[in-house]
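You will see chain A twice below: alongside chain B first, and alongside chain C after that.
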Partner chain A sequence: MDELIKKLQTDFDGLEISTLAKTRITISTKKESILLLLSYLKRMGYDHLAIISCNDWIKDNELELVYIVSHYLEKDYGPDSEIDKFNIIIKTRIPREKARFVTVLDVFENAEPYERELHEMFGIYFEGHPRLTLLMLERNYKIPPFRKDFNTKKYVDDLYGNIPTIEERKKGKK
Partner chain B sequence: MRELELYFGPQHLGMVGNFSITLKVEGDKIIKADANPGYLHRGFEKLMEERTWMQNFPLVCRINVVEPDHMELIYSMGVEKLADIEVPERGKFLRSIYCEMARVNSHLFGLWAYSNMLGFDTVAHWAMYHRDLLLDRFEELTGGRVYHIYLRPGGVRRDFPEGFTTKLVETLHKIGGKVPDYNQTFFENSLFRKRAEGIGIVNLDEAKRMGAVGHILKANGVKYDIRKIEPYDAYDQVEFDIPTQTGADAYSRLLTIRDDMIESVHMIFKLIDKIPPEGDVYTKTPNPFKWTIPAGESYVRCESSRGELGLYIVSDGGEKPYRVHFNTPSYNHGLTVLEKALEGENIADVGNIMISLYVVAPEIDR
Partner chain C sequence: MDRNQIGKWFKNPSKMANKYSLHAIYFCTGCGIIEIPPSITTRWDAERFGIIPVATPRQANLFMITGYVSTKTLKAIIRTYEQMPEPKYTVAFGSCPINGGMYYDSYNTIKCLDKFIPVDGYIAGCMPRPEAVFIGVTHLWKLIDMDKANGYKKYRENYPFYRANQEQLFGDLDWPPLFPKENTNG
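And now, the complex of A and B:
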């Protein structure tokens, strides 16, 4: 693990690396170096993009993008080979207003649905993504639904609150 | 020839749930496929941010209808990692047995779906019957047939009832004894082989680029299995093999699923022999209504019956999770791999390929 961290720190500037668990490394970095870092890790053998996630840190007024990469193992790995079992968690922060980021489709092809989902759920526009259409939702919302300031209770009340209950309807008929 | 747009699903016999595909066809050849999820989007990840750590269990298991148990497991693992809880030795074995039962259960359901879709009704009935036998065991153990909520952070909810393992072994013998019949009527049946061989080929390079896991890699001869790579629970204390094939087509994928099921049955026998005779089955956790977990994040993964299942979970030090994000195997299989695999295939094989990729729609939507 130490070798990997040392190697990363010599090749890149401004990385904040910390170990989360025995086989997990977290890297916080500037948003400009994400593409470079991902392709660098891919060349090193971290060729499996497991997930692209996002945290809404509303207090800091920032969105945090989270990329998790790991190894596709090809040989029969026993429990001894430690280095290849790593999951690397790469994080970067972007402003919440008019959130924009670059797509990583050129590096990882399976990023497509993840970025589409983040686009509709967190309102992040990914530059260069060829198909940024709606994935799960039916329509666009003013506040993207997975952001922390989206009030689910208010949304339900606005949408369904005006429908009278059965009791109210019965009363109204009489 | 004229290009046509064809809607496949969600109300289609060959469709595996609330999911649809928009096909662009020329004659009966598919030029382009657009996966169209979202029919079952319930916003679970958002809902979970509004509930306490323990209250989330009834939500978590409903993410994957066919196989709720691994969802409970991954969420428990995530909470354990954040709160730094250890599972007692006996609890680990009970968990592993429970998860392997779930794997057999899920594979039997998958076998039902595949055989039913291709019109092998006899095999479908058998698979459903055998799944039901196993559901009886689940009911005896947990009180629920489909959703069990048996796991909890720190272990399992309660110990096995008396005589449970004997009954479980009997049930598994019954299921295992039927495998030759399954082989004769289904897996080695030339009617089935003609439908499945050489169909929906996803080769290794493509599979890796599309982020495939689980049986799609195993059908390419890659032994990618989290139970081996990063052993959790009791998997490092038992010997087992990861079945692989080399055909990369729908038929090979189904064979790996069958072999995986047989391997699971054997593994349960081995695990039952090794259970520590005495000990706690769970570690005590604080009052669930006042339980706060220190701020932090973790990424945990386990091997569900469909492949690598991951969970990214963040706590801000409160009584509720700050962010939960599931990385489900069907997400990549149903969206990227499926679109690629369908290109150039026949309309008649759409359902065939889709079920061979083992996609479960609720898992995509979450």
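And now, the complex of A and C:
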């Protein structure tokens, strides 16, 4: 792991690398270098993108994207190799208003559903993504529902509370 | 069979036959579906009560909604319910279809299911055990005996109101009304 950290720090600048556990490191980086970093790691053998997730830091007015990369094929590195146990967590921050980011589909093809989900839940527009349509939700929301300023209680009262029961609707009509 | 029910059999055989052979379709929406495999198989054996699971809604007359209903699955639930032949009975599992349960402030979960389709009985609990399911079924027998399990009649009579509620939630529905306006009394 130390070798990898040294390599990363010589090849990239502006990385903040911290070790969370024996087999897990976190890299915080600028948003411009995320594609380079991911393709670099893929060439190193970290060829499995486990998930893309997102945090909403409403006080900093920023969204934090989290990419988790690990090894997919164990046997390439042999049974004694420790390399297949490592998880690498890459974090980057983008502004919250009119959130736009670049897609990583060219590096990892399985990023497509994750990016669609982030698009509908957090309202991040991924440039270059072929189809950013609704994946799980039924309608478009004014504020995407996983953002911190989405008031679920008020939304529920407005939408579901306004639907009358059958008896009420009958009385209202007749 | 109970001997003092023979009178009922002669009086209304089709109702009694319906009552003792409920063909259930399970809608695997929420966590409640976990309770279904033990209750229909050897451990609790729902066939003692005449319940047998069937594959498609067109063969079923008991509709079990197991667990929370999200907005997207409500569409499928309405379509399934409308496909079932009459007489049909609906039983909702758990607290979520009653008032939302633990999802009371979720942006995407239906709070009161009976605003959209009629529900004949609720089995409360989070989740109800298979014993509770059978108590619910025996209670449904009583309701059928007293002609109180009349959700499908209610749906037929009040169809415009149900349809209006569904349209208020979804905007435009992409299927035609089950009962066109000329045929209904509502």
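Just so we're on the same page, the second predicted complex is superposed on the first by the 156 of 174 C-alpha atoms of A that agree within 3 Å, B and C clash if a C-alpha of one lies under 4 Å from a C-alpha of the other, contacts with A are read in each partner's own complex, and residues count from 1 in each chain.
Going forward, contacts are C-beta pairs under 8 Å (C-beta built on N, C-alpha and C of every residue); 3 or more make two chains touch, one makes a residue touch a chain.
Since we're looking at a predicted model, the values are computed, not measured.
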{"item": "Touching partner for A:50 - first (chain B), second (chain C), both, neither", "value": "first"}
{"item": "Touched partner set for A:87, first chain B, second chain C, both or neither", "value": "first"}
{"item": "Dominant contact partner of chain A by residue count, chain C or chain B", "value": "B"}
{"item": "First (chain B), second (chain C), both or neither touched by A:156", "value": "second"}
{"item": "Contacts of A:166 with chain B and chain C, given as first, second, both or neither", "value": "second"}
{"item": "Chain B versus chain C as contact partner of A:135, first or second or both or neither", "value": "first"}
{"item": "Touching partner for A:27 - first (chain B), second (chain C), both, neither", "value": "neither"}
{"item": "Touching partner for A:145 - first (chain B), second (chain C), both, neither", "value": "both"}
{"item": "Shared chain A contacts, counted only where both chain B and chain C touch the same residue", "value": "136-138, 145, 150, 152"}
{"item": "Sites on chain A touched by chain C in the complex", "value": "136-139, 141, 145, 150, 152-153, 155-156, 159-160, 162-166, 169-170, 173"}
{"item": "Interface residues, chain A side, partner chain B - complex", "value": "20-21, 23-24, 26, 47-51, 53, 55-56, 66, 68, 72-74, 76-79, 84-85, 87, 89, 108-110, 112-113, 134-138, 145-146, 150, 152"}
{"item": "Chain B residues touching chain A - in the complex, by the definition given at the top", "value": "37-38, 41, 43, 45-47, 50, 81, 208-211, 217, 222-224, 228-231, 236, 297-299, 301, 308, 310, 312, 314, 322-323, 325, 327, 331-332, 335-336, 365"}
{"item": "Footprint of chain A on chain C - complex, ascending", "value": "71-72, 75, 104-108, 110-112, 114-115, 154, 158, 161-162, 164-165, 168-171"}
